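What follows is a single structure, and I will ask about it in a moment.
Chains here go by letter, A, B, C, D and E, matching the order in which they are written, and residues are numbered from 1 within each.
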Amino acid sequence: MTLGKVVGTVWATRKDEQLIGMKLQIVQQVDLDLTLKDSFVVAVDSVGAGVGEIVLYATGSSARQTELTRNKPVDAVITAIVDKLDVPGTPALTEAVEA
Amino acid sequence: MTLGKVVGTVWATRKDEQLIGMKLQIVQQVDLDLTLKDSFVVAVDSVGAGVGEIVLYATGSSARQTELTRNKPVDAVITAIVDKLDVPGTPALTEAVEA
Amino acid sequence: MTLGKVVGTVWATRKDEQLIGMKLQIVQQVDLDLTLKDSFVVAVDSVGAGVGEIVLYATGSSARQTELTRNKPVDAVITAIVDKLDVPGTPALTEAVEA
Amino acid sequence: MTLGKVVGTVWATRKDEQLIGMKLQIVQQVDLDLTLKDSFVVAVDSVGAGVGEIVLYATGSSARQTELTRNKPVDAVITAIVDKLDVPGTPALTEAVEA
Amino acid sequence: MTLGKVVGTVWATRKDEQLIGMKLQIVQQVDLDLTLKDSFVVAVDSVGAGVGEIVLYATGSSARQTELTRNKPVDAVITAIVDKLDVPGTPALTEAVEA
């Protein structure tokens, strides 16, 4: 899975009917110190993640293994909201998510 | 999914017969401020997107989960035409698509 | 799909038996103005593309959705020979393939 | 598979229920001389790898082929703990993992 | 498929039981002139490739389409040992593999 931060939402009325009702979140990749990277994806949200939250997302066919996305044309899905990164030897990161 | 802009069309008469009748759009990746990136894909269009429109496309096996592309040798499909990006704290982006 | 140019052929006698009889073409990625990029793949040819031709190829599991490659250990397949790129506003590209 | 080093753990209480009970390890890619690269993934651990260990991980749909991850929304899984790299002509690497 | 050179072997005793008995080769990507690139994968060998040989490998779900790797958590497999690259207009490459 990839670590990212929800930074916004995509609105689209004309879309494949299998996407109707799905929230499409813009998730920007972050580094281990939570700084934003350049790359981002648009992911379906299966866990109710809000803007500003640090999340994990899965890509590829694995993104279709949630109840919400099964057999849908979805290649990225948010699967977890991160509470904490525990990186021994780098205490600054350990509580970074809550900071 | 990936955010992109339709910039053109590919014409090909000699092709796998499973591609016959499919519109092959050139979709260039865009950044959150809609500036064009260098990379692009050729995607099957399942939603009637025209040149100049901002779209979402899915790649990999997920690109075969639309009615049009099921079981076809297609690894990229346009699944939505974007109306609006809502990126809190960055008002300029929010209406960028319509601008 | 990805836009590329066939630049050569790979010869291999010791190979997985499922690859026997398949033509393995070296396809270098090209930009929209058809300049060669650095990256290339070795793709099975399902449409009879010759060296010098501009083609589309599919990758990943989608590369196994042609009659020739189904269930084979093949992750790239040429699916179309490009006649023309139609990129409005950039006339030079429109006939580039034939040039 | 990709060579990496386990550098930490992700804690997440709000997550897809299929991820409950899975250990989510942060695995940073390493070079052949075991220096850390910039990129990292969050991988499910199927072999009991601890922080500091050099591991192999599989990505994509192959990450769902372990008993632990089958049919789960998991796109990266640790499948082996590396004992030794044997790189002829580069003796320094051969015992690097134990060093 | 990707062109690479076998540069070494990974030894791992603690691993997913489905990997038992598989030879794990380190394959470094090469350019068309066979110079080594920075990136490498660890691939299961299905064709008996030795260190120093130029090979093709398949990745992703296609890596599970050999008899050896079917349904296994394997995302890269060597499928051919390259005899010759035939790149018209670049004679130096044509016999490079044997050189």
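Criterion: a residue touches a chain if its C-beta (ideal position, glycine included) is under 8 Å from a C-beta of that chain, and two chains touch if they have at least 3 such contacts.
All values derive from a computational prediction rather than experimental measurement.
J.: So which chains count as neighbours of both chain A and chain D?
T.: none
J.: Please compute the angle of the rotation superposing chain C on chain D (C-alpha atoms), rounded to a multiple of 5 degrees.
T.: That pair's rotation angle lands at 145 degrees.
J.: Any idea if chain D and chain E meet via the same residues, over half in common, or different ones?
T.: different
J.: With chain centres taken as the means of their Cα atoms, state the distance from chain A to chain C in Å.
T.: 33
J.: Would you mind pulling out the distance in Å between where the CA atoms of chain C average out and where those of chain E do?
T.: The mean C-alpha positions of chain C and chain E differ by 20 Å.
J.: Got the chain D residues that touch at least 2 other chains?
T.: 60-61, 63
J.: Applying the stated contact rule, could you write out the chains in ring order, opening with chain A and then chain B?
T.: Here the ring, read from chain A toward chain B, comes out as A, B, C, E, D.
J.: Give every residue of chain B touching chain C within the complex, in rising order.
T.: Going through chain B, the ones touching chain C are 7-16, 18-19, 24, 26, 28, 38, 40-43, 51, 60-61, 63-64, 71-76.
J.: Would you tell me which residues of chain C are touching chain B in their complex?
T.: Contacts found on chain C: 1-3, 31-32, 46-48, 56, 58-63, 65-66, 77, 79-88, 90, 93.
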